[in-house]
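Shown below is the structure under consideration.
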Amino acid sequence: MFNHKKELQFEAKPDAPNPLYAKYIQELIGGQYGEMSVAMQYLFQGWSCRGEEKYKDMIMDVATEELGHVEMLATMVARLLEDAPIIQQEEVMKQDPTVKAIISGMNPQHAIVAGLGPRPADSVGNPWSGAYIIASGNLLADFRANLNAESQGRLQVARIYEMIEDKGVRELLSVLLARDSYHQNLWMTAVKELEEKEGGILVPTTFPRDKERFDIAYDFYNLSKGEESQDGSWAKGEALDGEGEFKWVKDPKPEASAPNLKPVTPKMYGTPDLPDQIGFKKE
Amino acid sequence: MFNHKKELQFEAKPDAPNPLYAKYIQELIGGQYGEMSVAMQYLFQGWSCRGEEKYKDMIMDVATEELGHVEMLATMVARLLEDAPIIQQEEVMKQDPTVKAIISGMNPQHAIVAGLGPRPADSVGNPWSGAYIIASGNLLADFRANLNAESQGRLQVARIYEMIEDKGVRELLSVLLARDSYHQNLWMTAVKELEEKEGGILVPTTFPRDKERFDIAYDFYNLSKGEESQDGSWAKGEALDGEGEFKWVKDPKPEASAPNLKPVTPKMYGTPDLPDQIGFKKE
Amino acid sequence: MFNHKKELQFEAKPDAPNPLYAKYIQELIGGQYGEMSVAMQYLFQGWSCRGEEKYKDMIMDVATEELGHVEMLATMVARLLEDAPIIQQEEVMKQDPTVKAIISGMNPQHAIVAGLGPRPADSVGNPWSGAYIIASGNLLADFRANLNAESQGRLQVARIYEMIEDKGVRELLSVLLARDSYHQNLWMTAVKELEEKEGGILVPTTFPRDKERFDIAYDFYNLSKGEESQDGSWAKGEALDGEGEFKWVKDPKPEASAPNLKPVTPKMYGTPDLPDQIGFKKE
Amino acid sequence: MFNHKKELQFEAKPDAPNPLYAKYIQELIGGQYGEMSVAMQYLFQGWSCRGEEKYKDMIMDVATEELGHVEMLATMVARLLEDAPIIQQEEVMKQDPTVKAIISGMNPQHAIVAGLGPRPADSVGNPWSGAYIIASGNLLADFRANLNAESQGRLQVARIYEMIEDKGVRELLSVLLARDSYHQNLWMTAVKELEEKEGGILVPTTFPRDKERFDIAYDFYNLSKGEESQDGSWAKGEALDGEGEFKWVKDPKPEASAPNLKPVTPKMYGTPDLPDQIGFKKE
Amino acid sequence: MFNHKKELQFEAKPDAPNPLYAKYIQELIGGQYGEMSVAMQYLFQGWSCRGEEKYKDMIMDVATEELGHVEMLATMVARLLEDAPIIQQEEVMKQDPTVKAIISGMNPQHAIVAGLGPRPADSVGNPWSGAYIIASGNLLADFRANLNAESQGRLQVARIYEMIEDKGVRELLSVLLARDSYHQNLWMTAVKELEEKEGGILVPTTFPRDKERFDIAYDFYNLSKGEESQDGSWAKGEALDGEGEFKWVKDPKPEASAPNLKPVTPKMYGTPDLPDQIGFKKE
Amino acid sequence: MFNHKKELQFEAKPDAPNPLYAKYIQELIGGQYGEMSVAMQYLFQGWSCRGEEKYKDMIMDVATEELGHVEMLATMVARLLEDAPIIQQEEVMKQDPTVKAIISGMNPQHAIVAGLGPRPADSVGNPWSGAYIIASGNLLADFRANLNAESQGRLQVARIYEMIEDKGVRELLSVLLARDSYHQNLWMTAVKELEEKEGGILVPTTFPRDKERFDIAYDFYNLSKGEESQDGSWAKGEALDGEGEFKWVKDPKPEASAPNLKPVTPKMYGTPDLPDQIGFKKE
């Protein structure tokens, strides 16, 4: 159950309207690694958490924070679009070329669909999708997903920070950068804690390793010409999981022969390459 | 540039046809964390790699291996569908109830669209999407994405392993389990190497930290009632990045006031809450 | 800014596990008119609200309630999947035919992807999409959208109520039915209030009607053979907007001639139906 | 069964080509509330109509009209793209800055994919989706959906009217504005008629209200801080449905305790938080 | 501009309800190659046709016919769902195992969302997408697309014909088979006519061939091990276009060296593999 | 099983960076008819090929070549984005108006998400979708799909060739044009070979024609006003399949009456148009 207060946790006020910046910020709202993604990902992880209470509590704390991030960014977009010279297009277009280019490049749905408000979509207009998120029921797996999301997220914020000079926008971005820093620290710490607790690093740690093809579980297959890959730490020495030795396989050979698929019933009307299938036509 | 040989790297032969199993296997082909995803993710990462040659070489080696995984699974699905009792539905339906349930539950597109072949889709039929993958141009970020993908991937294979009793299918799954084990080891090793090289663990490591709100970069916000979250390793002590001390904030307060959006031009035809907008109608 | 408490506003406990019911409930979580849709729709409407404070406050109240609905339904799905006989498929399949059919019909992603937890998707597995929602910046338009959403939503809950006999599930559905009743009342009331305040019922009420083709603004065009449509209240008498008289046009005629598109530059390589385009090839 | 005549019901001729305008118009063709949506929505509603003939006849009349709207807009887009300076990009780019901005902002698929023709997509290029529409089999519900669609639709046309100065385009928009006016009148009238006939306003009107949690069916939950919501007509007095009294609940309390999900079978490889699950690994 | 008559061009009445068959038929309504696809594809081709009038007229004739096909199939689905035992689930489930399996396998949205009516979606529930269709502005290209669509379409109808024993359904399928036969004949004939008229078979026929790399325009590259491909008619002899000789290249060599991408500005925060990028962090 | 070499088969180097061109090229990578589509389409066709070995070998050869095309185009995009003036937006925007327009029109995800690398998406940013491709298990059907894909593909390359003046880009496009020429020749040749072998041209050739409504299999229905369609080669004379005579039907009549759908169980809560359904409410 949720409660809401209208104050923003941090300020979200641009110095000046700019529809092009509004378009960029959309990536942080409704992009693959935007705040809708982390909010929804953490909510579904929390709601299906069957583990220790402290994990569920922590996940729900962070999920709830991220909902507030969507709100701050949505507010920012609404303000970046205020006073945008969207009307009387042609007259405006003849003025300052900067204005012209900005209008031409703005997301038209910001005006037509949202009336100068934010959209549940990314910077090119793809609607946010439930397919972006994961809640697998395995916390170690999901904390790695979360670390990934916060890493990509902070990277995108950093890029937009450089692409945008507005001080008000940058102030909010500097908040998001800090929170993504914390969340990277958080998920890494939680991953470490779980790996230690579960006594393993290979997700899922509980799958019996004698049921996998252990003989090929430490091989690197050199399938792209060039041997530079053997210089990496993944190509020799003991594996991080402590259960095997990396091996660089220069020229991996197939174990199996070329598959030869059987024809299927002629009633599926596949390619009639067999005499009796051709004959089938005549019946 | 690629070359192909028709031999499979590992065998892909079920003991018996089973369209329900074929439906499950689709998750490993075209699901969010299926082999199409890792193959395409690694290919795009390799193609946009601007870093050291050994990384590009390694990424392309693994990408190329994953293409072969899609091939093995596609072959497996094609064989699981051979001899499936898809035809003369009603007659079959009256027979063995197991057959009935299997036909009823099978993916109808396996028959209607693919003629008893594999689909570029997941286990419920969603087509594979480019939105599943990431190639950010930052290898540390992307290697974390890859570790996540291999963790979720191995988890899903392990689950299907338990849901399927066919020995031939399990043989291939045991190969995938081993390779996902290796790839988890691989990406973790590569992440470690990059973190050491870049001298930091917060992606992107090169963003100047004085430009983020450092004062809030180690705070945990207790926003979901319940204080269990303070028991985690993320709530106290030095952060993993070595640059700050975790702090558990019991009752986070908003810094900013409630936003009050300005009305926009009446020509956007938003809600006419202002007298002059109402008047606007009459003009 | 949000806060969360872990107690559910209403109980969400099924009497018994049932993966088929879990599949149905997904429509209420991640379907076109599920709770993710109303929660997100109201949030975006609230965040871009430029109208009177009482509307924004009200919208945010309801949005926040809907987030809790997603939570209750997600919890319900997680519990419907507990103890589901998903493992050792074949052995189970030979038992009770009811079990067989249920397993065959269950959503395989509930097991493979979510480890017996909820999914951000509908009852056939389509991921939730930002394309389901609207926040137009015009409250009258959006309150109609909300009335529509709550009408479709309550209809779907009513259907599932009949399709499911589990008492625990029905208890939660009876809550949702009541809340959808309230929300229909709410949006209808708010629509009425806004129509009165704006002095019109045609969205947007502020668009000057002399800029539309007023002469055709009350015509019903009889374009599907059969004249039963003239018996409706939409075919004669004064229109609800009080500004015109409905008119049933028996045989609507085109005003314009058939369009004749000009050829475009041959450099677009369209169909070369003009001599000089054919000639273009030879240059 | 359909017939087509090539004359357009109304003229669709711009004064001058303008690829940026063509991009805007796409929202009215293939957007969430564009003409493809209403045409398809009404067709599916008509085809599944099990009610009185006059409703089916009326729905099919309007559906058929909307197909003609798609045609007029498609023609308009084709003409807006004629003579567009899409070729010899760089040379053009050096000329008039207005031209430059327009080319830069145009939808590249208009040229590359459609050869200067319309696309079944919205103004940012998202393809039209069957997920936009609803045909529920309940006419009262669906007529509300239709009223919503025509409200959002007219709003979008009004906005584009202001964003575009071309007289020919505006002429067609003034037609669409009038028809959307009529259709709003139409659906409101039909909703009113059905509400009276069914003797209720809560969709579905036939669901027995004693099966819902009637005790909470008139409560407003104040979940977002701020008490302005109690000033609305939804917070006190008799509800529009005439069956209850609105009640503003200042501080809604949870009825249920925090859910505690049971662990699931270890064969799902969730988080191994139980001793026997950890042990499971060793087997 | 369209007109509609309510009579169906051909009968659409099943002998008995069957929700599983209803699910299959959906592929023919809203699948990649269903009737919505051909109707919409032909409409957009007709609306953007800049060629001879007889082509536009013909395309619009066929498009209009296909709209009627969607109608017949939608009617069929509505009837296959009538009297389906969707209610009182558990009781029914205990009865006849065939009924059980059918209910378990049915598309739940047919009941929950559509109230036993058709959906604008395919047989697994993916909504129809504008991304399925093409209208390129080049008739020769598009007629090939149409031939492809009618070929895949007839193939799918033939398969469903075998999977369904209901005589009423088969009667309608036999109509669709015949019309798809005609349409294959039609598009092949039109393709032939255009190829002759344009004097070439390579789309677009007007692109000057001296601007392509003519020296590699007849090579077959043997990139998959195995030399069976040289036995095909595509590997030797004069090409169908009459302008070159096929050549089977046994071991194709790269012309270009391995690409070495330059680092980009450190402000994009890519992988900091260069000393000055690492240094950048310290600034 | 695949192998990779890092050399490109052909050079992929632009003369100068240009983010607008990079946006165009994306259509050839991840568009409906881009190289990801043909690569994946051919791979799935090859993997499910149950026909003669020479077809499978040929398909896999071409599929493997197309993977290399994606690689070349991805490399081209990465280079077109190098040195793009994406940073310090405003300052740049005040400079040369050409630069301004280009930045305004560029795909923001190229910077924000991909760090100046390629995306698995089309020219407006829609992610590539598995829904673009077909592998039906019937080679004649699929070779027609392939001919269509190569026709649309070459058309798009030709258009981009005219829209881009960069010599380096054009060099690569001239390679693609040549290869698409070859592949059109290839699939046409293969289609011809299969038609001859199967002794028919109507896919699927093996479906018994006496099971279709042969009496309507050669009719052209004149459903769009205007009689120009009777001038086409599809309207008279012997059909290409040699089994019937084309017939132009001036005024096609419906065979069936208007469908009258039965009401369904009131428990579906459809429109209560029957007295007993209204009564149902009172129970």
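Order of writing sets the labels: A, B, C, D, E and F. Residues in every chain begin at 1.
By our rule, a residue touches a chain if its C-beta (ideal position, glycine included) is under 8 Å from a C-beta of that chain, and two chains touch if they have at least 3 such contacts.
Just so it is clear, the structure is predicted and the values come from calculations on it, not from any experiment.
Colleague: Identify the chains adjacent to both chain B and chain F in the sense defined at the top.
Modeller: For chain B paired with chain F, the chains in contact with each are A, C, D, E, in label order.
Colleague: Does C-D or C-F have the larger number of C-beta pairs in contact?
Modeller: Counting C-beta pairs in contact, C-D comes out ahead.
Colleague: Return the distance between the CA-based centres of chain B and chain C, expressed in whole Å.
Modeller: Distance between chain centres, rounded to whole Å: 27 Å.
Colleague: Would you mind pulling out the distance in Å between where the CA atoms of chain E average out and where those of chain F do?
Modeller: That gives a centre separation of 8 Å.
Colleague: Residue numbers in chain F touching 2 or more other chains?
Modeller: 1-9, 32, 48, 50, 55-57, 60-61, 63-64, 68, 75, 78, 86-87, 97, 100-101, 104-105, 111, 113, 115-116, 124-127, 129, 131, 134, 136-138, 140, 155, 158-159, 162, 204, 207, 223-224, 226, 254, 258, 261-262, 264, 267-270
Colleague: Pick one for the touching-chains graph, please: line, ring, star, complete, other.
Modeller: complete
Colleague: Considering only the defined contacts, which chain F positions touch chain C in the complex?
Modeller: 155, 158-159, 162, 226, 258, 267-269
Colleague: Could you pull out which chain C residues touch chain E in their complex?
Modeller: Residues of chain C touching chain E: 20, 23-24, 27, 31-32, 97-98, 100-102, 104-105, 122-126, 155-156, 159-160, 162-165, 223-226, 254, 261-264, 266, 268-273, 277-278, 280-281, 283.
Colleague: Which positions of chain C touch chain B when the two form their complex?
Modeller: Residue list for chain C touching chain B: 1-6, 48-52, 55, 86-91, 93-94, 97, 100-101, 103-105, 107-109, 111-113, 115, 124-127, 137-140, 194, 198-200, 204-208.
Colleague: Of all residues in chain B, which touch chain F in the complex?
Modeller: 1-9, 30, 36, 40, 43-44, 47-48, 50, 56-57, 60-61, 63-64, 67-68, 70-71, 74-75, 78, 113-121, 127-131, 133-138
Colleague: Hey, which residues of chain E end up touching chain F in the complex?
Modeller: Against chain F, the touching part of chain E is residues 5-13, 32-33, 46, 53-58, 60-65, 68, 75, 78-79, 81-83, 86-87, 111, 115-116, 126, 129, 131-132, 134, 136, 138, 140-141, 144-145, 147-148, 151-152, 154-155, 158, 161, 174-175, 177-179, 181-182, 184-186, 188-190, 192-193, 201-204, 207, 209, 211-224, 226-229, 231-234, 239-241, 246, 252, 254-259, 261-262, 264-265, 267-270.
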